[in-house]
Amino acid sequence: MLRQIEGSRAVAEAVAACRPQVIPAYPISPQTHIVEALAELVSAGSLAPCEFLTAESEFGAMSVAIGASAAGARAYTATASQGLLFMVEALYNASGLGLPIVMTVANRAIGAPINIWNDQSDAMSQRDCGWIQLYARDNQHAADLHVLAFRLAEQLSLPVMVCMDGFVLTHAVERVDVPDQSTVDAFLPPFAPRQVLDPGDPVSIGAMVGPEAFTEVRYLAHLRNLDALERIPALAKEYGALAGREVPGLVTPYRMVDADIAVVALGSVLGTLADAVDSVRADGIRAGVLGITAYRPFPFEQVRQALRKVRRVVVLERAFAVGVGGIVSADVYSAIRTPLWTVVAGLCGRPVTAGSLRGMLREATTDRLKPLTFLDLDHDRVRRELRAVGGAR
Amino acid sequence: MSVQPVKFYQVGSWAAGNRLLRPEDRSVQADPQRANSLTSGHRACQGCGEALGARYVLDTASRVTGGRIVAVNATGCLEVFSTPYPESAWRLAWLHSLFGNAAAVASGVAAALRVRGDRDTRVIAQAGDGGTVDIGLGCLSGMFERGDDVLFVCYDNEAYMNTGVQRSAATPPAARTTTTPVVGAVPGNRFGQGKDVPRIAMAHRIPYVATATVADLRDLEAKVAKAIGLRGARYLHVLVPCPLGWGTASGDTIRIARLATQCGLFPVYEAEDGTVTATTPIRRQVPVEEYLKAQARYAHLFAPEPRRDLIDAIQAMADHNIDEYKLLDGE
Amino acid sequence: MSDKPFAITLTVGSSLANKTGAWRTQRPWYVSRQPPCATACPAGQDPQQWLYHAEEGYYEAAWRGIMAVNPFPAVIGRVCYHPCQAACNRASIDEPVGINAVERFLGDEALRQGWTVPIGPLTGERVLIVGAGPAGLTAAYHLTRLGHAVTVRDANPRPGGMMRYGIPAYRLPRDVLDAEIARIVAMGVTLDLGRPVGDLRAELAAGEFAAAFIAVGAQRGRHTEIPAGDSARVLDALSMLHDVAEGEPPLLGRRVVVYGGGDTAMDAARTARRMGATEAVVVYRRTRERMPAHDIEVEQAGEEGVTMRWLSTIAEVGEDRVVVERMRLDETGFPQPTGEYEELPADAVVLALGQDADLSLLSSSPEVAVARGAVTVGADLMTDLPGVFAGGDVVDGERTVTTAIGHGTRAAAAIDAYLRGDAAVPAGPVREPATVDGLNPWYYADAPAAVRPRLAAARRVDTFDEVVGGLDVDTALFEARRCMSCGNCFECDNCYAVCPDNAIVKLGPGKGFVVDLDYCKGCGLCATECPCGAIDMRPEQT
Amino acid sequence: MFQVRIHGRGGQGVVTAAELLAVAAFAEDRYAQAFPSFGSERTGAPVAAFCRIDDHPIRTHEPIAAPDAVVVADPSVLHQVDVLHGLRPDGYLLVNTGRSAAELAISGAVTARLCLVPATDLAREHVGKPLPNAALLGAFAALTGLVRLDSVEAAIRQRFSRPVAERNIAAARAAFDIVHAAQREASNA
């Protein structure tokens, strides 16, 4: 049903429609509105049967999800930022054990300095933890991706992280067609675990594995993860047909057909980028946007195809690797193997404006853009600070 | 003349079984059909107290529930020696996740069972002292506080044995570990540190908290059976001597555990809803020396010259337990 | 299962493929040790072995265990001084097991139930036994079981020897004695009573008997020269007890002095009390500590009003008094006269100074060596005369009913072997002793000895009723179960329970346990925690 | 696209106001996007909320830099934050106050489209609490004509329980009427 609704609420209702059976949660901004809404739905009895547990930490919350999933229950939780980092050990365990947990990450920067605002440093720091990572471009996408995530997770016996920009999406009240129960039920069958803790048919889950088999275990996990690249488009198509709308799957090209400069990005900035692209095209700059939804596994082939004819590629990063630069850039580069520009923008909630993006595009097309650029960087401030520490360069 | 009730004085209630007892009155471990939840072929050291404790606990739980148990295991010796690929020594539904999260994982399993309407299957979480009193305490406290339907069993061998005998918050004063070497004025572990986790558990006002050792099989089995019979969060703290870490003969594991209780250093008791309701009295009291002397980790208390001061301090701890838990107030 | 995630998820119980027995440097070994009670029993019984049955309430099986050695459980259960209990390891925990009381209970139970012992196929051999005392009748019992025809001759009109003529009825009721003898006779033993054997050589000349067993006992009371007036009444304890047993009690008067310090002296004094003596004084030349009489006898005599005069000898006996000289012990512990005299009123003096065997039946057999009044025999109790054996009080050794029964049993075995032409009696396996430090006493719950009820001491003085009562069913069971089964497995399941590797296999009731060497790591827990020390750890040879 | 910025203090419900405005637009089958100024401001601190309204789907997620209208729910922030920042020269400025522009020291030159409404007084009168949101939305509808009064009422009904909703609707109508009357005066003058 079409609603003017807050992103967190829309996601909570989409998750509830997926009939999760165990929801452990530990509060952290900007994830709170999601779990608050789910707590309300469980208490009200409109999500049943379901156990909502308030954990003592994010580490505890993910651990409860691990136990629940291993015991055959559909498990869901949500977190952000420091909370995701506090979970790290358990994240690797959940993927290593092949437990199809679904988790929302309300993307937020990582301290220090302590902060609460949006960027994607948190999820990016966990790109290698073995979870599938999907990034929502808006709240409709976020709601739909959760439904898709449960089916995908359970098909592959792998955990899935649905990333949505904190505040920018979680707290934005937008028009969303909230997935209704009948549509979800038609798409998502009851959880049939690949392995379950059953006294009637006992197994030992979580063995210690040494050099004799660990490489094979990892390689098999890699193949299973890659399998998602085949399944995501199919699932997006199937679910989109049921829901009556297009659901972006692996990647989303915008005006890429004749583009000779493309911006690659993830998340809520894609909408603003589209506006910027439209306006620079009015100035004759043939720009396009390649939105990436599935970041893990990385859709190398789709990215290569989409950027095949493009002369200039800019990767817009909402996080960055200190001492290196772009994070997504590295993946895009290994897909296309041609030089590209990395633009780090919107760290910790700094607005990414259409104006700045237009400027960026103009600089890129006129070859004035540095290979690694920090959008809207306060150069005076930086110079002053460098002088102050005597480290002028 | 007064006819005395016929008892089995040959072994009383102390040995595992007795051909004079009805099978149902014998200990679970005397049963030829016992579950052997942790079966042969595991890689525990000779005389491992933890291997013994785990089988005692799980076989009893298995008998009481008719085999409907799920065990969640923290990282540690027990996990490593029981399930090195490609062999598992467990004969029940078992899950190992991480070092510090056994309680939380068990909470998740319990939640899953609850939501599936399965009230028959019972959940047991097990960890060593490190996984319980140190890295696992946060999750454990959360499990207690929420009252999740889990029996958490700590197999306490008083140090991190899996990693090579380093100090834990359960390591007793004066004990030598690789991180509390025998140098300085007070060799071995410092006095006045450590946590009394059974007491911490009691402070959560959970329905059942008990301590036990591998030296008193029937007491241990009775406590497991009682705990399984209750709902909500329950905690069992079992002393399991480690021949490797304690420097004892592999055949002395049970004898050492017995000495720990008989000298008063390890009080054996039960608590319900936060209050001590029963203690197991000392039967043959011994001075702490007898317990300490048998262990290489305390060798520095006796040679090169005896450290009377430290031994007295340890005796004082035992005496304090004896007073606090009225361990000499007879049966 | 292939559908399980590779390596991370494993099949339960798959560790059985890992044979940890390879780690072992030593292995547990189930052993059987010799319990101290068995070592101590003069009759050669193994109390632990029959207590094992009694613990389960299998009283007949327990009784048959006794009967394999001793045909007089009811008698021994009363008159034995039970060295088995003195040796019992349980003494170091609380009190010795009341083996003797259980034996008596079993003996009485057998008489109540009328249990009997089968006899083997007849061999056609005939054996002569001289003396119907404990040694003779025991030998007759065993030989009869083995199928030999036995004739027992005795000078007395009734069988039992010292059991009848030496031990007063208040210690051994005659119905009990008669019943246990009757059971032996009923097996086909020929009793030839009131028929003394004057000359054994002559007796055997007829060739009727292929072997003989001399068990005439020590019937002759020792005498000492004491100046006595014509009217002084001086009796010999043995004949006094004999006459009392025959129902012709001698006149003693009100004041009786008994001279001597053995059990017979106590019997005489206590009998005198029962015959109406108001004063019964035992005069003995040494101290209480050096008195040969068993403590229980002295104790009970005291309870019955018998008084003692230590360090005293009788110097002279008058009509109504005796003169007593005080003695002192010299450094060697030997009593020396002091020259101090005093008088005691006495209507009669009973001499209990020890007994000698009457060996006149060997007068025409000089080849049979005799030393210090005892027949010399070999380990098999055979005299120098082939086929002629001797036992009981006529040979050297402790003069108790229990010892005599032991001789009877050994002699029977030796005679049987002799008749079969076998050389030696097959000796049982030699077992290591089960010492108390081999036990793990923790597992034995504390238990006091069952109370053995006694008649009020006051009643004893005017009746010959039995002084010491017996155990009832409950207390007998109770007492039997106090046995710790030293050195021998009693299936407590400890080894099975304490093995961290499940490497002990339980074979089932009565079958014990075996070690699964595929998995036993040799930790030794089973040996340490075995309550009774029935497991050894033995090094693996490398 | 029409963009609104609402200023106030934490706890005064400016975020709710922006949301109600978006819902009102949604009720007219238009596209809207409401969002708060993301932060951890506590009660009493100056806060802002935003709302976009358009006839086409809204793709951008950048903050609003150049609003077409600014609503000041609490005049005490007037000289604390630059409420006029980025306001279009012909933009609307709606201030909750019972006083005059002079008293507030806002020079009339700021914008031609200045509107003062005693929303808090109206709230006290109709709602019984000093919560000016509904009144301000009523005034906003009258001032800009961007959304209809009945759409505002629908949004209020959707958000609040019936009695509370009705009281707020009364306040909204009162404010609407005041502004409407004032506008007619101006146009007649």
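A, B, C and D are the chain letters, set down in written order, and residue numbers restart from 1 in every chain.
As a working rule, contacts are C-beta pairs under 8 Å (C-beta built on N, C-alpha and C of every residue); 3 or more make two chains touch, one makes a residue touch a chain.
Everything quoted here is computed from the prediction, not taken from an experiment.
Engineer: Provide the labels of all chains in contact with chain C and in contact with chain D.
Structural biologist: A
Engineer: From the C-alpha centres, identify the chain that is farthest from chain B.
Structural biologist: Relative to chain B, the chain whose C-alpha centre sits farthest away is D.
Engineer: Between A-C and B-C, which chain pair shares more contacting C-beta pairs?
Structural biologist: Counting C-beta pairs in contact for A-C and B-C gives the edge to B-C.
Engineer: What is the identifier of the chain with the smallest separation between its Cα mean and the overall Cα mean?
Structural biologist: Closest to the centre of all protein C-alpha atoms: chain B.
Engineer: Go ahead and note the Å separation of the Cα centroids belonging to chain A and chain C.
Structural biologist: Taking the mean C-alpha position of each chain, the two centres sit 93 Å apart.
Engineer: Averaging over Cα atoms per chain, report the distance between chain B and chain D in Å.
Structural biologist: 66
Engineer: In whole angstrom, what separates the CA-based centres of chain B and chain C?
Structural biologist: Each chain's C-alpha centroid was found; their separation is 50 Å.
Engineer: Would you mind pulling out the distance in Å between where the CA atoms of chain A average out and where those of chain B do?
Structural biologist: Those two chain centres are 45 Å apart.
Engineer: Could you pull out the residues of chain A that touch at least 2 other chains?
Structural biologist: Correct list: 97, 202-207, 209, 213.
Engineer: Which residues of chain D are in contact with two or more other chains?
Structural biologist: none
Engineer: Would you pick out the residues of chain C that each touch at least 2 other chains?
Structural biologist: 7, 10-12
Engineer: Once you draw an edge for every pair of touching chains, what topology comes out, line, ring, star, complete or other?
Structural biologist: It is other, because the touches fit no line, ring, star or complete pattern.
Engineer: Would you please name all pairs of chains that touch?
Structural biologist: A-B, A-C, A-D, B-C
Engineer: Okay, in this complex, where on chain A does chain C touch?
Structural biologist: Residue positions touching the partner: 96-98, 157, 194-195, 202-207, 209, 213-214, 216-217, 220.
Engineer: Going by the contact rule at the top, pick out the chain C residues touching chain B in the complex.
Structural biologist: Contacts found on chain C: 7, 10-20, 23, 55-56, 442-447, 450-451, 453, 469, 472, 474-475, 477-478, 481-485, 490-494, 496-498, 500-503, 506, 508-510, 516, 518-519, 521-525, 527-529, 531, 537.
Engineer: Okay, in this complex, where on chain D does chain A touch?
Structural biologist: 18-19, 22-23, 25-26, 31-36, 38-40, 57-63, 65
Engineer: Which of the residues in chain C come into contact with chain A in the complex?
Structural biologist: Listed in rising order, the residues are 1, 3-12.
Engineer: If you look only at chain A, which of its residues touch chain D in the complex?
Structural biologist: 4, 6, 29-30, 116-118, 138, 165-169, 171-175, 268-272, 274-275, 349, 351-355
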